[in-house]
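What follows is a set of notes on a single structure, which appears directly below.
In this document, chain identifiers A, B, C and D correspond to the written order of the chains, with residue numbering beginning at 1 in each.
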């Protein structure tokens, strides 16, 4: 079993391998941010933040924070050469118009049909929608970045989400600390298993049927 | 009977008197442009051109034309201090959103219900719509600036337009070389008659019933 | 015509029980001084339209903490514990609007449209009760205009004609909210004469602005 | 990723019979060099989306004069006698679209919307056959997205990432048409390195651009 930080790195690193040269990418708050730390050598990707930048750069050095440069989680960022600022209206037009190649989001639940729930646990915690509903509909690739199970070990990948949805039939790829799973019309296809675990353990920790129709790779 | 230039001046001058300090105004091509030459002293108005400027200024001196500064008719203009450039999308948002106090347009026909036709004579001449349909719907005041009759002396102000409409129930004021007519829910109210003509001549040259329910002023 | 007024005068333009729209994203680009003046004026029972309620002690959150808001349309409250508590207690009514669609709905009003067909939130609670359109196998839901009585926004600089420029990502919802209400009040760091802003750089033209307030004044 | 190509290569990206969108207002802000290359390439049977057909001998009009266009969606043809003649002869099919609504419909596509309810043209031929919505006594008509296979636009300057700035009123339809097609080709006067355009001044972000062509190249 990995600790939280190791899980984060494992997930971020694996998702980063999905990126292609020139991609425009939107990373959700929390876990997805880790992806930016693992861009494969030789490719260049451009980060969009829905609050109004294309070409977001890494966090500034301490003391050099600019209050007018923040990511969607409120953290300080920088702007790379060739960045642009724009209003939220244009920002979401880029998103819904299909100009963002990939969005990576955290999830409370995902299911066999590519549904995702990440904005509300009714009666308990309702942080809200933010930009997630636009993102899952608009981005070409929607990657759910999540721990495979919840704190109590219950599966978060289900036959059908039980929480209010963020998007229906939108997730294309699920990357967890245990597995890489593609959403296909036939259901969830297990593609890779983390090197620290096994196919059987992944199947046991998953609340939906996993299609295994070829060799299952590993990632680390 | 006035010549064409005198008519133009008469109409432009009279419409200019409708302007209030601080108004944002859009002038259509042709006759309406004359309004800009008669802004009353002591007030300041701002001219919008739908192709992307607020704060359009007069024509430049010969030899100082800038091909990237033109009005909706393609003529060279200047930009006043405090002008702004924007795209056609924002330009028409300003128009339809009610941020333009007055638009002045030429017309082929107007009628008793405030309908206006100015874009098509089927089978003969179809210059097209341009920005007129947005303008008549969006501007707070829609002023038809026109000669009272056509070349053959036939009325252009009718009970009901016969040409394809540009807008239905949108005209608020009609200013011609003969009269100032307000469009009211009850019909067309004759407010003023040009000093060179008479109420009877105006009534005879008009193809719609004119309401005369008070003193009729004159203008020159 | 644009008028320059004080923050106190601006707050007096917000009637109790009215609908206000406030710009900013997690307090970045929010009109902090106008919010201070509004809290100080003690205006209550407001309906708030905003991207989020920011933080408990910063940005729009101060209105929530002051219990000035009775209902709102926002996309997110995750960074404000007071908002979450008031929502749970049913002290505060919330319509959650997807962030991009919030911008679209405000602009619908600003651009004189009757609504848009949106692909966002189909199959989620956001779609409940809304008319739909299906086209080439894709479903859209009808989203209606959102407007306020007063919009409170923040710019870096204005000229006396109301032309605005923003600062970096503090632009966010400001240009759209500038068209979201018949009265737009802009907090600015600096007011200059016409001609001192390049017409090419103006983001919000003066026709969308009614009042300017210098920050701190 | 943005590629820099020649005008000839750009013309080769426009297939005969395809839908093209061309920017500009009465030839101001039109991609004159790309139009020259297109005429020279002899591409035919095009469907054209533009504000107007400009002048017989300038701007988009050259495509009409070359008989390259078989149908179009434009707001205006009043300045182009050849267009009027071809329309009268039924050589050229025209859908007249109100100028502001043309921008809205292109942006619908660009922003992933299914349509808008527009107040423009109600009670006129523009409304014929369109669904309506009535709200507070006001009627709106459903206007659908318009897109092209290729958009040809013009900017003053680009960086190699495709970020664009325009010149004064030559901006007009360019920023919206940049989102009107999966392939956007931009004619520019000048190409600079990333960082040489202030991020605050970028009007069209590079994500909307696929190809850059230096004017005359």
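One rule holds for everything that comes next: a contact is a pair of C-beta atoms (placed from the backbone, for glycine too) under 8 Å apart; a residue touches a chain by one contact, two chains touch by 3 or more.
Because the structure is a prediction, the values reported are computed rather than measured.
Undergrad: Under the document's definition of touching, what chains do chain A and chain D have as common neighbours?
TA: Both-contact set = C.
Undergrad: When the contacting C-beta pairs are counted for B-D and for B-C, which pair yields the higher total?
TA: When the contacts at B-D and B-C are counted, B-D has more.
Undergrad: I'd like the Å distance between the centres of chain A and chain C, where a centre is the mean of that chain's Cα atoms.
TA: Roughly 29 Å, centre to centre.
Undergrad: Just give me the whole-number Å value for how far the CA centre of chain C lies from that of chain D.
TA: 32
Undergrad: What's the distance between the Cα centroids of chain B and chain C, rounded to whole Å?
TA: Chain centres of chain B and chain C, defined by C-alpha means, are spaced 35 Å apart.
Undergrad: Going by the contact rule already set, what residues in chain D reach two or more other chains?
TA: In chain D, 104, 107, 111-113, 119, 168, 199-200 touch at least two other chains.
Undergrad: Considering chain A alone, which of its residues make contact with at least two other chains?
TA: Where chain A meets two or more other chains at a single residue, that happens at 53, 79, 85-86, 92-93, 95-96, 137-138.
Undergrad: Between which chains does touch occur?
TA: Contacting pairs: A-C, A-D, B-C, B-D, C-D.
Undergrad: Given the complex with chain D, which residues does chain C contribute to the contact?
TA: It comes out as residues 104, 108, 111-119, 133, 135, 138, 140, 142, 144, 165, 168, 199-201.
Undergrad: Which of the residues in chain D come into contact with chain A in the complex?
TA: Interface residues on the chain D side: 1, 107, 109-113, 159-161, 163, 179, 193-195, 197, 199-200, 202, 205-208.
Undergrad: Where on chain B is chain D touching in the complex?
TA: By the definition above, chain B touches chain D via 49-53, 66-70, 74, 79, 85-89, 91-93, 95-96, 115, 119-120, 125-134, 137-138, 164-169.
Undergrad: Which residues of chain A touch chain D once you look at their complex with the stated criterion?
TA: It is residues 21-22, 24, 46, 48, 53-55, 79-86, 90, 92-100, 137-138 of chain A that touch chain D.
Undergrad: Which residues of chain D touch chain B in the complex?
TA: 25-26, 28-29, 51-52, 74-79, 84, 87, 96-101, 103-104, 107, 119-126, 167-176, 203
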